[in-house]
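One chain, chain A, links the two complexes that follow: it is found with chain B in the first and with chain C in the second.
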Partner chain A sequence: MSTTLTIAGIVIKDLYRRKDFYVLFVLTALITLVMGSVNLFHDDHIVRYLKEMCLLLIWICSLVIAITTTARQIPMERESRTIFPLLAKPVTRTQVILGKFLGCWLACAITLLVFYLFFGVAAMSKEHQWPLANYFQAMTLHWIMLGVVVSMALVGSLVFSAASANTTICFVVVTFILLLGRHLDKVAMQVPQPASSALEALFFTIPHLEFFDLRDLVVHDWPPVRWLVCLKAIAYASAYAGFFLLAACLLFRRKALT
Partner chain B sequence: MTDRNPITLGRPLAARKTHTAQYSLLLLLTICFCLATDLTTWFQNWRGNRAESGNLMAVAMGDARRLFANHFFVKADSYFHSGFYPSIYDNLQSYKTPHIAEDSGAMRGKNTGDETTFLGPSRNWIDRFGRQFFPSVHTHLTEGGANGEQKEAEVREILPWMKLSSDLDPKRVETYSVTAYWLRRMGKTDEAEDFLREGLRENPGNPQLLFDLGRLYSESKNDPVRARNLWEAGLSNLQTATEEQKEQNKFVTEQLLAALAKLEEQADHPGKALALLERLKAISPNPQAITEWINGLNQATNRNAVPVR
Partner chain C sequence: MNAALSQDCGLPTPSQATNPDITPSAESILRIENLCVDYRTNTSGSRSSAKRTVDGLNLSVNQGEVFGFLGPNGAGKTTTMNVLLGFINATSGDAYLFGTTVREPIARQRIGYLPELTYYYKFLSAEELLRFYARIFKIPRAETERRIDQVLKLVELEHARKRQIKTYSKGMQQRVGLAQALINDPDLLILDEPTSGLDPIGRMKVREIIQRLKTEGKTVFFSSHELGEVETVCDRVAILDQGRLKLEGRVSDLAEQYRLSLEQLFLKVVGYSPSKPTHLPS
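On to the complex of A and B.
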């Protein structure tokens, strides 16, 4: 466990050494503040558009950080040949994969914490309330969803030859799931066979990342989701993350590093 | 002894090349300068010059921005429902006309079916489970919003998208009408008037905007004289419209005639009111209601008439 944590620690240090996070955070803050300063019919209490924009930026930034950070981990180690001294130590390949996953996922947690803190302050400055349960649920489920994305990108980094290809494919897949995942079964009913069955199968196979998107509920001040439902969603995501992690471990075990 | 060092041997050639590059740069700069002096004059007179527009959207997107105007109009309607809104994959029959527009009277409603059940029964466990993570209950911001306890003033949340929609397509009249209606409902009469006047600057003499401005004067500012002038101006603008435009403006013609008839009725001018109602009856999709209105007006006129001795 300590080996895994050490590798994870290195990944986290890598996050704050690089400029990605700072740039994205400053950009998000800047856009949100500019949008918040717009005068709309002399009404200072209009806040939902600001919450929506800020949350959209947070989602985009978090996905960029999660996918790019994860996608470059293994290829970077191989290119710089640091993978060999790493594996020469008493570290198994499974520990390397778990360490990389944990590092990227915890890095996402730190990122989300900062982003959601900013979001909370920005929203509170306008609406003068702090729906802590809603924000906590939104952030937790967002982080859980990023766990699936990170594990998926980790598998991609072992399958695809270049980090750029992996990053692009991961973005396409995640965007597809978030935008269309919920509607695939409806589309399946409107197309002829065998496309219908293929879409239906795809609908039940893909990880439904849209479950973890509580933005609409937060923006429009809906009551929090029931905690039991949240726990079920976490279990659902854990199953997919576990599947991808296992696949990554198996692939990495058989992977020739030269 | 000859110098065979390759570095010193190449120096005169390299220097010549550097000079040629420098002269080329100078020449290109001169050409650019000359062309710029000529092109600037042409660009300033060019009709497609976006730089003169004060609108950031117009500068950034040109006419392509109009494609997105409807999207943000619908977005405002989605906000009115606190995010409970059909996607393109759902049954859209009950959302053909945005509810914010239908409620404001700016558009004739074409919605059919039940607006609360467009999601239908859940199709599978993923659908059933997923419905707990997005708004899946029908609500209106004017009726308590998402948690049923929000104030009616929360309807202000639709305004940013309406403003954006009007920025993207200033020729879209419905945006001004609907926004002005909701601003008036929130008690922001001055802002509503400013916004309608902004719309009239973009669409001079538009009958729908004149009708809305008249309504503002009649209902919010208690100024029937100005309201009558505006509505009459709207009607006269409609008379100069082509047949195709008249067909498109049928709804606003009905609204203008009905509003003027009501105003004349209140001002105790039954003759004028009856003339307007006869015109309204000819184009109304519900002539029966207008006939009842005419009969009521006739009865009231006969009752009030002083008997001749």
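On to the complex of A and C.
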């Protein structure tokens, strides 16, 4: 486990020494603060729009960080040839994959902590309340969802040789799932066979990332989701992340490095 | 070595050339037995054919030796090293480090490896890089700090220890590579063309470090195209050509036996015949 954590540590260092994270945070903060400084139509509920926009930005930024950080890990190691001195140590390829996954996922946790803290402070300055349980649930499930995205991008980094191709494909797939995933079964009922069966199979195969989206709950101050439901969602994400990680380990074991 | 080939060259077989004092027995730190490596190459369309890059290689390196692994480009040196380091699997035969098969990661616990031209994590400083590798070897924290001081002093990078690696020159990067290879105080060092791409001063520094390691009793297995350097530093050499071991023996014995410099011997072994010099137009 210590080897995996050591490799993860390098990924986290990589994140906070690059400019991507800071640029995205400053951009989110600027947009949110500019929007928060104006009170259009003197509407007391305008804060909901502010919260919605800020959360949307947080979702976009977190996906950008998760996908780009993960997609470059293995290609970067191969390109700069750092994979060779690393694997020449008593390290297995499985440990490298697990370390990369853990590092990217923990980097996402740090990112989310910073962004949600900013969101909490910005929302509190307008609403004078801090629904901690809602924020905690939204952030935790968001982070769990990113675990699936990170593991998926890790598999992609072993299939596609260029990090840019993997990044683009991951963005398209994740956007498709988040926007259209929940409607696939309804579309399947309206199209003829065999497209109907194919869409239905796709509906039951893809990881439904939208399950983890609790933005409405935070925006409208709804009561928190039942914890048992949260646990089921975590188990669902773990199954997908586990499957992708297993695939990544098997692919990396067979991958020729030279 | 293939007997026919050795007779063609008028050279002894590797077993004849090897010093009889050195036997691949208890003191063998590195042992290669009948190693064969095939690479799949796509020829026409989807049809693939296998190309043998290492062919029945037998080799052993004893404790405290500096062993030069020579051969022209494409001879199979790096492929052999890749098998030793577990990067690729052998098609047949096996290799052992400290008596443990190279397929086990634990075989790499006591080795240090310097690859040819590697760019280390450029966002880290030399100190952080060495701390990272020390953690992989599970070296205690106090010991890690002591070793970092020691290896950075050895490779003369103390002054730049806190600077990010991206600011280093090529020579400094190669020396930080050597430092990472030494962080676990290895008993065996595997160096793949350690002086490749370095200026004369950089080469001299790396050579001095290898010689210092030799005096400390470390075993060094390295490949190089710098035959003068190999002649100076190595106790024994092996010459590989087209995946086959052509010659192996003590540098001093070979020089005495053939009355040739290592470079002349190398060229003879690989079958190089110089063409007539062509005159350049004035």
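The criterion applied here is as follows: the second predicted complex is superposed on the first by the 254 of 258 C-alpha atoms of A that agree within 3 Å, B and C clash if a C-alpha of one lies under 4 Å from a C-alpha of the other, contacts with A are read in each partner's own complex, and residues count from 1 in each chain.
Keep this in mind: contacts are C-beta pairs under 8 Å (C-beta built on N, C-alpha and C of every residue); 3 or more make two chains touch, one makes a residue touch a chain.
This one's a predicted model, so the numbers in the text were calculated from it and none came from an experiment.
Once chain A of one complex is fitted onto chain A of the other, the partner contacts of A:Phe84 are limited to chain C, with no touch recorded for chain B. Contacts of A:Pro223 after superposition: chain B is touched, whereas chain C is not reached.
Applying the stated contact rule after C-alpha superposition, one finds that A:His183 touches chain B and leaves chain C untouched. Among chain B and chain C, the chain that touches a larger number of residues in chain A is B. When both complexes are aligned on chain A by C-alpha atoms, no chain A residue touches chain B in the first and chain C in the second. The touching residues of chain C, counted against chain A in their complex, run 78-79, 82, 85-88, 105-106, 108-109, 111, 113-115, 117-124, 128, 132-133, 135-138, 177, 180-181, 184, 190. Listing the residues of chain A that touch chain C in their complex gives 2-3, 6-7, 9-10, 13-14, 17-18, 80-82, 84-92, 256-258. Looking at the complex, you find that chain B touches chain A at residues 79, 82-83, 87, 89-90, 123-124, 126-127, 129-130, 132-135, 145-147, 150, 153, 156-157, 159-161, 163, 183, 188, 191, 195. On chain A, the positions that touch chain B within their shared complex are 38, 40-43, 45-49, 141, 182-183, 185-187, 203-204, 208, 210-214, 216-217, 219-223, 225-226, 229, 232-233.
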